[in-house]
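After this come two complexes, each holding subunit A, first together with subunit B and then together with subunit C.
And now, the complex of A and B:
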C-alpha cells in the first residue's frame, strides 16, 4: 500500500488530465500505471481505493449516492483482490514445481542414456522423444561378450512422472543382468518378475527384446505385449510385421515367453517402435501401420538414423507438432 | 473426449455398458466405477464395449486392475462386443489369453 500511496498524486494528475482532455497520452500512462501495479503485487481493490481518493480530492462535492456506490464497488472488489493474491501464490508454486520436474527430467535423461553401438555389420538408428517432459518410453543397447547386440524397447503404461519413475526401475534391472549372452526370453521372464513384484496393479510395461548375432546374422527376439515392429526384406522390397506373442510384463508372475528368429540378409531392416508411433492420429483419423512402412520405404535410401528422424518429422507434422504419446523408433539394417 | 458409464445390477451379475473414449482423462472415472463392482465376492462383471470408439493403454491398465481384483475376490470379468481397434490392443498385449473376451462375430473386422 505504501508504494501506491506515493503514487496517489500522480494517479490524481493522470485522472484529472484524462477527464479534462480525454487524450491518448493519459490512457497510455494509465496502462503503465496498471503494469507497474501488477509488478508491485498491488491488488485491484487497492487501485479502486486510490481512484476513489483521487476523485474525492478533485471533486469534493460528488453526490453522496455516487460516493456510496464507489464504496460499494470497493467492497465488491475485495474478493477479487483475495483471489488475485491466491493466484499469485499458485503461480509461484507452479514455477517451483516446473523447475523440479525439469531437474527430474534432466536426471532421467542422464540415467536412461544409452550409447548407440558402432558396428561395421549393422547400421543402427534410434530416436525417442517424450510427449511431455518425462519420457515413458525406453530403449537400451548392450553388447555382450561374444559381440552380439542386445536391443531393448519398452513402454510404460501411464504417462508423465509415474511412468518415468517406473522406467528408471526397468533400467536398473536391465543393468543388473550379467554381461554374458542372455536369451531374449530369459530377459523378459526376469523383467516380468521385477515388474510384477514392484509396481501398482494398474501399471504395466510392454517390452521387446532382440539379440542380433553378427556372425550368423540371426535376430532372435521375444515380446511382452509390445507393439509389433516391421521386418523389411530387401530382396522382395516388402515389409511384414514382426509378430510375437507374449503377455505384458507385470500381470502374471509365472508367464513364459516364446523366442523367435529372423534371419537378416544384406540390406534387410528390422524396425522397432512403441505404440506412440501407431497411436498417432490426425483429427479423428488414426495412422494405419501401412502408412508407417510406406514412409520408411520412401526414405530407405538414407542411413538408419536419418530414416528414424524423417519418420518422426513426418508424424510430428501430421499431428501439428503436438505429440500425444512418447515416440520411439529404432532401425537396424544389415550392412555386410 | 467423453466416456459414459451405465451400470446395471442383477444380484451378483453386474453389467457395465460403456460409450465414448477411454484414455488418460476418462480412465480414472472408469476405474472408480469398475473396481468396487469387482470387490463383491463372486461377482460376475460383464463390460460391454460396443460403443467404445477409442481406447489407449491407460484403459488396459484399468482392465488389468479389474482382472486382478476379481481374481482376489473370486469373481469373473468378461469383456464383450469390442470394436476391432480396441480388440487389437488386447491381442497385442497378450491380454486376450488372460481376460475372458468374447471373440465371436461381434468383433468387427474379423480379427
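And now, the complex of A and C:
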C-alpha cells in the first residue's frame, strides 16, 4: 500500500511557502498537488501523513498536544482512504462493464440488422434508436416467395441488457419461419408460443406484424398488444389510428390473433411505431399522438426514410436529447 | 503456532483491547503512525466480525521475521457459523456497511497479505500480515 511515495520534500516546500507568504500562488500549487495525488491514487490519510511529517520537520518543537491532535486526525482519515480506494476499484469495474456492453451492443446491431427492401411499389423508411446502449425494440423486413413484404415490429417492455437479450431470441425465432407466405395472425400465434415457453413471465413483448401485397395493395396485419400505428389517407389528407385487438405475447399460449386489412391507394402511408415514440415526454407531460401525426404531416413531401429521421430529430430535441425509451418508427408509402 | 499474545473477543469493548495490543506490538516492531492506524483499523474490522457474526473468538498477534523483513501477523479465529461464500464477501460493495470501503475487502487493502479459511458451521480464520518497509 505504501508503494506510492508522496513527494515529501516538495510538499514541505509548498507548505513552508504558504505559511510564510499566505499567497494565492502557493494555494494554486496545492490544488495542482492534490490533483496530481489523485492521479497517483494517493489516499487522504497519506496526504495527512505527509503533512504531519512536513510540519514536524519545519517546526520540530510543535507542542505535544498539537502533535497528538494530528495523529488523531490521521486516524479518522484511514476509513476515508478505504472508501476512496473502493470507489476507485468500482470505477474501474464500471468502465470494464461499459466497454463490455458496447461490444455486446455492436454484436446486437449486427445480429438484428435487416435490409430495407427495394420495391418500386413502396417507399420504405425505418429508424430504430436505443435509449441506452442496447435496443429492446426490433423490426424486420422479409420478402416472401410471392413477392409480398412482411414487416415485424416488436417491443420488449423494459430496456437495456435484459430487453436486448430477449429481443435476440425473438429475432432467431422469426428467422426460423419458412419463406413461404405466412399470414400475420399465424406468425403472431407462433411467436406467442415461443415467448410463452422461453421468456420470463415478468417480461412482456408486444408485436405487430403486417404483410403488404404489391399486387392487390392490401396491407394485412395483426397486433399483439402493440402500440397502434397510423394510417394516412392521401385522398382525405388525414391520419387515423391503426387499431387492432390482441393480447401481449407470452401470456396465454392458446390465444388467437385477429387479422385486419387496410387497402392502400397511391400516396397512402402506414406508420408503425413503438411506445418509445408515443411515450416521449416533454417536462412531465406525455406527448399526444396528434403531435406525432402532425410532425409526419409536416414532412410528408420527403422520402419515407427522411420522414422517420425528421420525426426522430423532432422528438429527440423535444426531450432534451435524452431518450427515455427505445425509439422505432417505420413508414411505408405506396408509390404507384 | 507460537503467538506472542491473544485477545479474547466476547463483548464489543474487547475490540478496543485488541486494537490496543495490536498497536503496542506494531509500535515495538517499528511501524510508523499511518501503518499503526491501518493495522488498528484492520483489527477493528476482524474483531467486530467475530463479535457480530460468531459471538466469541480471539485475535492473536505474532511478530514475524525473515532474512530481510520484519512484520506483524494477525490471526482472527472463531468457531462461529463460518462464511458461506468468501469470494462473494470479498467483492467490493458486498459488505453490509456498503460504500464505506470497509469490511474484509478493506482489511485486504490495509494489509500486505490476506487469507481466509472458513467452513460453514465450523468457524472462520482470517490470517493477515503487514510488512515493515
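Assume the second predicted complex is superposed on the first by the 330 of 336 C-alpha atoms of A that agree within 3 Å, B and C clash if a C-alpha of one lies under 4 Å from a C-alpha of the other, contacts with A are read in each partner's own complex, and residues count from 1 in each chain.
Criterion: a contact is a pair of C-beta atoms (placed from the backbone, for glycine too) under 8 Å apart; a residue touches a chain by one contact, two chains touch by 3 or more.
No experiment lies behind these values; they were computed from the predicted model shown.
On the superposed subunit A, the two partners subunit B and subunit C both fit, without a clash.
Within the superposed three-chain model, A:157 lies in touch with subunit B and out of touch with subunit C [touch as defined at top]. When the two structures are aligned on the shared chain, A:45 is found in touch with subunit C, with no touch to subunit B.
In the superposition on chain A, A:99 makes contact with neither subunit B nor subunit C.
Shared-chain residue A:82: touches subunit C; no touch with subunit B. Residue contacts after overlaying the shared chain place A:32 against neither subunit B nor subunit C.
In the superposition on chain A, A:90 makes contact with subunit C only, not with subunit B. In the superposed model, A:251 lies in contact with subunit B only, and not with subunit C. In the superposition on chain A, A:71 makes contact with subunit C only, not with subunit B. When the two structures are aligned on their common chain, the gap between the nearest CA atoms of subunit B and subunit C comes to 21 Å.
Contact residues of subunit B toward subunit A in the complex are 24, 31, 56-58, 60-62, 64-65, 67-69, 85, 92-95, 97-98. Of all residues in subunit A, only 155, 157-159, 201-204, 206, 224-228, 245-248, 251-252, 275, 279, 286, 325 touch subunit B in the complex they form. Those residues of subunit C that touch subunit A in the complex are listed here as 32-35, 37-38, 40-41, 92-93, 99-102, 105-106, 109-110, 112, 133. Across the complex, subunit C is touched by residues 1-2, 45-46, 49, 52, 71, 74-75, 78-79, 82-87, 89-90, 93 of subunit A.
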